[in-house]
Each structure stands twice: as C-alpha cells, then as structure tokens.
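Scroll down for the structure; my scribbles are underneath it.
A, B, C and D are the chain letters, set down in written order, and residue numbers restart from 1 in every chain.
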Amino acid sequence: MTGGLRLDGLTKRYGRFELGPVDLAVDDEVVTVLGPSGCGKTTLLSLIAGTVSADDGSLTLDGRSLDGRPPEERGVGLVFQDGALFPHLTARENVAYAATGEARVDDLAATLEIEDLLDRRPAALSGGEAQRVALARTLAADPDALLLDEPLSSLDAPIRRRLRDELHDLFGALDVPVLYVTHDQRSATVLGDRIAVLREGAVEQVGTPDAVLDRPESEFVARFTGCENVFEGTVVEDGVRVGGVTLPVATDRAVGTAVTACLRPSRVRLDPADDDAGLVGAVRRRLNEGDGWRVIVDLGGPDLVATVPPAAGRSLDAGDPVRASVDDVHLL
Amino acid sequence: MTGGLRLDGLTKRYGRFELGPVDLAVDDEVVTVLGPSGCGKTTLLSLIAGTVSADDGSLTLDGRSLDGRPPEERGVGLVFQDGALFPHLTARENVAYAATGEARVDDLAATLEIEDLLDRRPAALSGGEAQRVALARTLAADPDALLLDEPLSSLDAPIRRRLRDELHDLFGALDVPVLYVTHDQRSATVLGDRIAVLREGAVEQVGTPDAVLDRPESEFVARFTGCENVFEGTVVEDGVRVGGVTLPVATDRAVGTAVTACLRPSRVRLDPADDDAGLVGAVRRRLNEGDGWRVIVDLGGPDLVATVPPAAGRSLDAGDPVRASVDDVHLL
Amino acid sequence: PRSDWLTVALALGGLLLLYYLAPLVSLFLSAPPGAVAASLTEATVVNAATTSIVAATLSTLLGTAFGLPLAYWLARADTRWTDAVLAAVVLPLVLPPTVGGVVLLTVVGPNTLLGDVAAAAGLPLTRSLAGVVLAQTFVASPFVVVTAKAAFEGVDRALEHASRSLGKGRLTTARRITLPLAAPGVLAGVTLAFARAMGEFGATMMLAYYPRTMPVQIWVSFVSLGLDAAYPVAIVLVVVSALALLVLD
Amino acid sequence: PRSDWLTVALALGGLLLLYYLAPLVSLFLSAPPGAVAASLTEATVVNAATTSIVAATLSTLLGTAFGLPLAYWLARADTRWTDAVLAAVVLPLVLPPTVGGVVLLTVVGPNTLLGDVAAAAGLPLTRSLAGVVLAQTFVASPFVVVTAKAAFEGVDRALEHASRSLGKGRLTTARRITLPLAAPGVLAGVTLAFARAMGEFGATMMLAYYPRTMPVQIWVSFVSLGLDAAYPVAIVLVVVSALALLVLD
C-alpha cells in the first residue's frame, strides 16, 4: 500500500540551516507538525507544495511521485498563516478562482458559513473570516492532500477556539491526508490524530497526542509540549532522587542509574500539609490563570510547578506549606 | 491624592474609529488592558507615551500634567510588541542608550539575565532574548510609569510562560504604575492586579481578575475572557429556562425576567449518567487539549461546553450520556 | 533649541521647493499667452510635437515589451546574476545622455556594420525617426525595468504560491494575480519612461538632430531666435510633464 | 507551452540587456587606447572635467543640505500637503532638461531682476560656473529628496518612538537612530544626484554653454571634429558612471 502522502528523506539546506532528512507517512489522517518558530515547519510545507525545491529525498501522493513537478500539478492544497487571499478579488472570486463550478463555490460557502462575506474584498474581512475564505478557496480545488500553516495563530482566543472546533469536524469529514503545522501544543493535540514534533529541522518524535504528551522521548519534546517539571536525578530504592528530594516512581531501572524525570504541572495535586511526610514544600509563587492557578512550590531542592483548580489555588498563599502528590512521573 | 497615572476622558479619532473617552487611574499597581485585535489597545499606549497626540482629555503622572508634552519629557517607558530594538546597536548599546551609567546597565543585565547577550546585535537574538533586552533598555531610563504592548505575544509557549513568571516578580518589585496591553486572557489574569477590558475603543469593565472572570458585566466581556457558555433564557421557579433545559441557579430576580446566563467551561463537571435526572445530555464532540479535554454536550436545546480533567475526558466518547453539574452560573 | 532646529530644517526645504516652483510660475508669467497660442500651430512646433509623440510612444512600447519580462525575472530570480543584470540596467540611467549618444553611434552610426546595413535597406538609424527611437529607448527603458521590478517585488510571493498550488500555471498566475496587483507600479514605470523619452535631448542631439524632437526644437529656437521663441514648445512640454505627474499620483 | 513562454520572455529581456551593454563594449573597442590616453591631458578635456567635478560637487552638496530636511518631512509628516509637495519635487524629474533650462532662464537669465542684480554683484548666473551649478541643482537635487524619503520611510517609526520615550529629543533621535539606519539609502540618493549632475546637458546648454562641462564638451567636439574627438571625455564619463554604480550597489 503506497497511498497517502509519503516523505522519504526530504531535505533542504539554507546556508547553515538544514531541514531533514524527514521521513513521514500521512494516510487519510491529520498529522500536526509541532515545533518552535524557526524549526523549519513552513519550509516543510513549501517542499511538499512544490514552491520550494528539495535538495534531496522523494515525495509521493497516492502513489504518484511529486518530485520535480511544478506546484500546479501536485494536487496539494495549501492554507497560509495569514490566508494569502488575492486582495484584488472578492471573497467569491477568490473561492471561484480554482473551483470547478459556481455550485461548488456555494456549497463550500455554506459549509464554512461565509455566504454573507462573498461580496467583500479581503481587506474588509476579519482575521477569522479571511481564514474561512482561504479554507474554502483551497478546498475548491479538490486537493488530494491538505497542508495548513498555522491558520489560527493570529486570531483572538474566542474565534480561534471556535474555528479550531470546526476544523476538527471538517478534517474528520475529509478523506485526504492533512498536514497541519503549528507552534501551539493545544492545536496540535486537539486536531492531530498524530503529532510530529520538529526541532531545528529534524523530526524528534512522532506519535498520538497521548503518547507524545505522556511519554515524551526527549527533554525537548517534554518541555515544548508543556511538561515544565524536568529534573535530572538518580534512581534510588523508593523512586528517583532529585536534589534533596525523592520523587516516588516505580521503575525497573537499576539503583544508581542517572535518569531525567518529567512531570506535567497538571498531574501534580497540592494539599495543605500539616506534617513533613512525603513531598512537602512551601508555595513560592502563585499565578491566577483564570481557569486555574499556576503554583510554584519550593521543595527545598528543585522547584515544582503545578496547575491546580480555582478553589485549590485560592486557598493557598505564598509561604504556605503544601504536600505534592505526583502520580505520573515519566522517566527519560 | 493625585499620584500614579490618571487618564481623564482621553479620546482619539482615526476616521470612523474612536478610542475613548477613557477614564482610568493606575496607582503603583499593574493594570492589564485586555481586548481583541483592533480594539485600540496600542493607540491607548501611544497616547500615554505621547507618540500620538490626543484629540481630547487629559493625562497626569504623579501629579504632573503630560498634556501636550513631547514623549521625551513624559518619563513614560514603553516596551513594544517586537522589542523595537535599535538594529544597528548591540544589546549593550541599546540598554546604555538611555542609561544613567554603565553600572546601571550591568545591574539591569543581571536582573534580566542578559549578561551573555550584551555584545550581540538584535538580529542575533531570539524573540525572548530581544524582549529581555527591550525591558532592560526601558527600565534603564528609570521611567515613572511603564507601558507594555503585548511583549509576550510572539514568543513560543515555554519561553512565554517563563518570561511571564519573571514579569510577575519584576512588576511586584517596581514601584511605578504599569499598564500592560494584551489580547490573552491568561496574561491579563496572571499579571494584572486589575483588568480593564477594552472593546472597540471603549472600556467595558474594570476590576480584579476574579471579578472580571467570575462576574462579567456584559456578554462581550464574558465571551472574550473565555466564558463560552452564554445563554439567553428566562427566570423560572427553580432556575433559568434555556431552550428546553433548566439551569439550576439561585436568583432573586422575578420569575419571567429575561436574563443572560454565563458559565465558564471550567466550572462544569461531567459525570456518566444512568438516568434522566438533572442536566443530562449526550457528548457531541470531545477534543484533547493535552492537560484536559474540551467536551461539547448536546443538552437537547443549547450546547454546553465543558473542560474536564484528562481522566474524566478519556472515559467519555461521542454519544455517551452525561450529567452536567453547574455551580457557578452568573446572570447578566 | 528643538523648535529652532525644526525652523531651520523647514526653511531649507521650503527654499528648495521655491527653487523648483518659482521658475515654472515665472515661465507662465513671462510667456505672452496670445503669442504662445498663435505659435502653437506653426509648422516647426507641430512637426516637433509629432516627432516627439510618435517616437516617445514607440520607444515606451519597446521598453515595456522588452522590459517587463526582465523586470519580472529580476524581481523573482534567486541567482546571484540578478545583481550584475540590475547593474547593467541601471548603467544607462546614470550614464550622461550625450555619452549614451556616443556609445550608440559606435554601433548604429554611419560607417558601422549595423548602420550601413540598415541605411542600405532604407532605414537609416541616424538623422531619422529610427534614430530618435533608438536614443530614447536607450535612456528611457531602464525606468520601466527598475520601477516594474519594484512593483513585482511588492506583490507578496505567497499570493503566487497560492495561485500555483490552486492548479494555475506560471502564465495564468502572472496574468491574473501578479500583473493586476503590480499594475499601478508598472504604469508608473511606463509613465516615467514616456516622460523621459519626451524630454530626451543629449543622446538625440548626437543620433538624430533631424527630425527635430521638441527638446531639440527648444534648443534650436533659443539659439537662433532667442528665449521667447522657445516658450511655446516649453509650455507644451510642461503640460505633458504635469499630465505625467497626474498619472504617477 | 510553459517553457516556450519562459524562453520568449528571457529572450526579450536578453535583447534589452544586449542593447544596454553592446554599445558600451563597442565604445571601448572603437576608441584607440593610445590616442585616448594622450588626449586626456589636453586643456579642453582637463578644463571640462574640472568644471564638471566642481559644479557637480557643489550642486550635490546644495541638494543634500536643502533636500534631506525636506525628505525627512515628506517621510514623516501626517498632513495632506505631502502629496502636493512630493509632486513639486518630482516635477523637475519628469520635466525635460531643456525646459528646465528655459524656466530657469526666466528667473536667473539676463534681463531678469535676479540675473541683473547678481551680475552687477560680480556673480553672473548664466554663462558661468554659478549657471552650471544652478542648472545641475534643479535637475539633480530631486534625486536626493525622492531617494532619501524612501530611505527615511524604511526606518521603522517605532524605533523613533522608542528613542523619544527613552528621553531623547527629535534631534538626538534623528542623529543617532534615523540617519544611521537610513544612511545607505541617503548615500544612494546623493550618488544618483551626483551622477545626474555630472551628466547634465540640456539645462546646462541653455544656462551655461560656457564654461563647458564634460557633456557639453562631448557635443562641441562631436560637432566640430567628429565622433572620434568625443571618445576621451565619453570614456571618462563612463568610468565615473561605473564608479557611481559601484557605490549604489
């Protein structure tokens, strides 16, 4: 079976920056490419769309080789970060630019709820509206694969959440490979059937959202996906010794082995402490994030970051002694 | 007492857009200005800094009138979204540009942990590094008030979180009024002693983070601060009737009054339902946000959005019947 | 001290503006309207205007047809060659027009291979309309290239990528996306080239003293009859320049 | 069809390039190096070069001193006046140089108030170095204004705001932030103006046929002695233009 989008050793060099070699197979699923700015995400999409030529490697889509083909013959749809709508055309003309007929335009306009915007020029659209039109325009060409370059990143939160929900349903209804590039862990986990974490041009880990978040394979993946507690330690009898503290972890690694312990702030529970048993420390700082509190606890050695519900956070104060319960420590 | 930063009826018109009149008093505290893009946040800062002249209203800082004064005589420090570092000067020269002495430069470099960056040009700095240098440069002039224009918005999440934590401590140590502009509810609640919500040039609500989030005074404030469940309904005997559903709310308003009910997704609890008592519906969609699940529940009338912990979300599936517990319904 | 400095700066700029505008106003005050109007129908004026307009139109068309593809290539190519090619395009812009005339004469003048062949074929390249067009094209066409290049660069490349990824080829993309968006800049370049061609004097004097263009006629009238005789053609050219300015804005 | 179209486009562009470059190569092939080298020391050549360089330097300095404040104002002012002022600056650029000469003569020529006063004071404004400088300033200084304006606009206004909010005044901000960042563009404008002044022919012919600048000398040599006699000065001006091109890049 050679269907879907297949990247084999795809490579591109720009001066000292090198992307790849990237190996990735995207079936009729959504793969989100997650990485910091400058890691090569946009270049990867450009290579697949054919607007940048690869230095090495090969690319197939549904069994056809795309190598060396011009962008217009690839059947790859591309949605840009800012929409890249043609400013001299109305929304309708933008969508119709590559559509097979007016019926298709009206159809997509209904799906993406842009019927009322069709007569406007892009300059008269808000960011979220422009992205809906851009999506419709790309889908109008009936692409065999869909690439999206951070289409939500410049939108305000309420519109971003709503469009993200809709993208989730839209992708579910499409039966083409989707590659979605983002620097936002939340977009990556919400939209991706699988996540590929990209770091300085290289794929560092590929897996389901749960696998990547719960079992990161490197410190970079851990930190970039929001695992803020990353401690260097040593395996001891009853867990992992970090600084002057022992984290309770069940592991079959030999005592004395050097390990890195990862722990997501959301997996820490904090309770008021009235004695010294277990992981006890003092609240160093607490920050009101609205739907919860971010609490930094001084354990005497390392600092522990925890996110706790509103009620739990409100009852804490700087200096208060707390006991931390940590269940989901992951060892690298 | 006329200390701090006082805005009285500050107004600016650009064609059809009008900012203000804005009345706001900022003592030695942090006020975050929260609003969507295009709401006038940056213009507000420009008026205070003096780089744009007001059409109307007056401005005082520590009792001095700033009206009509050029920017250089206002003593107002401004940190720009992208840093706005002088590209032809090194980081050290940027900080020294307005510093009272080399000792002050070294001092600030230590505080902001930029000692190792001082010989670099801005082009060789990452986004987070540039913002640290920009902060140092602004503080070097010893401003009597500090204005910040979304300094975190272009940073990747891990760096954004870390710098936000540090800003929280830094602001705490400053004894000048701080006005911090952002479109991000989380930055607004973490950093602000008070939040001013701005909508289309007008201040819609001012209050502590808890007040604004828990007791929004308008639907706009509710939605923009992340309260996604906003329902039009009518007061009935045992709560508020919305569509075919009754939300349990204690209120002293008369039965039959039309009200708007607001409910943050994080304040909804979902449990598996085995009967029809209470607020029961079917899971329409669930989205993995990493540190929790976003669940949309079809109540038969309105859709209810809930954010639930990882374990609770993982046990749900589309179509599953759930019972929603809603404790914190706020009525407009 | 702040306002002193501003005052000095504005005074300097104001003086320069005055230097640009006062002579123009003075021209219209100096030229007796009746006499000017009467001489507008004289054969010398009409002939010069016809020559200038025909030649400038031809050289602008040539410059546009040959120059736009070059401008697009300069705007989009990724090679190091673009710098060298751009230098070759800018050279005629900084080269004095009389020198342009000299170098052209070494290629198309009498006693050159090309000049002799063309003259034998009945199309002499000097002292002819062809000579005027050659001179004007040399000095004016770089304006099309340089200005259109900037206009093409101003079109976001992402828009072209979007069009290509929507299944449209290079030519369709250029026709439906790039050219419409670059049109104002391209028009500005064409207008500048036309204005430069209308005003061409130095290279024309070397290549084609006859048939006389308007700038040459001004010189001839001035030398043979005095300044007053130069007014009618000068006023026509001022009006043409003002019209060009309107298009540019 | 795609590659056919590309080929045609590149061929068109290539022909235009050839038209710019071949005459220059031909000049160097046509001019006998020995004769040219010998004539470089002739009095007419040396005098013309001295006049051109002195006058072009003076007019460039004048254009820069008066033009930079105007360029900065055009780049930063928020009023509707900027469009009108910009049009006044661009007008001398699109005005034929001979017409520039005519309009200047109506202000500084013989029998004008200014011309008579200056001549009486011992500084005649026509047929003098002053006349050359006046002609060159009129046609060349707009290049400083237009190019420097673009350079100033290229400096992010936020940087100036940052400097002001750090307690530095307008003048300090201009000196330490705006000018250093705009320097390459300002230098380009000054270079263009100098090149334009060196090549000025049409207005100079009208205002100051004497003392002869290099472009005028080319014309005189060509008319009185033939094309060969124009080569030495032409080659000097080609070298000057090439140097200007180096600075521009």
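In the analysis below, contacts are C-beta pairs under 8 Å (C-beta built on N, C-alpha and C of every residue); 3 or more make two chains touch, one makes a residue touch a chain.
In UniProt terms, the chains line up like this: A, B = Molybdate/tungstate import ATP-binding protein WtpC.
Computed from a predicted model, the values in this text were never measured in an experiment.
The greatest number of inter-chain C-beta pairs in contact is found between C-D. For this pair, chain A with chain D, the centres built from the Cα atoms lie 56 Å apart. Here the spacing of chain C and chain D, counted between their Cα centres, is 15 Å. Taken residue by residue, chain C touches two or more other chains at 2, 169-170, whereas all remaining positions touch fewer. Taken residue by residue, chain A touches two or more other chains at 70, whereas all remaining positions touch fewer. Chain-to-chain contact here is organised cyclically: the chains close a single ring, every chain touching exactly two others.
Going by the touch rule set out above, the chain pairs that meet are A-B, A-C, B-D, C-D.
Of all the residues in chain A, the ones that touch chain C in their complex are 46, 49-51, 70-78, 80, 82, 84, 86-88, 97-98, 137-138, 140-141. Considering their complex, residues 36-37, 127, 154, 156-158, 161, 164-165, 168-169, 183-186, 189-190, 209-210, 213, 223-226, 228, 264-266, 285, 287-292, 294, 296, 307, 309-310 of chain B touch chain A.
Considering their complex, residues 1-2, 5-6, 8-10, 12-13, 15-17, 19-24, 26-27, 29-30, 63, 65-67, 69-70, 72-73, 83, 85, 87-92, 94-100, 102-107, 109, 137-138, 141-142, 145, 169-171, 192, 195-196, 198-202, 205-206, 214-215, 218-219, 222, 227, 230-231, 234, 237-238, 241-242, 244-245, 248-249 of chain C touch chain D. Residues 156, 158-159, 161-170, 176-177, 180-181 of chain D touch chain B in their complex.
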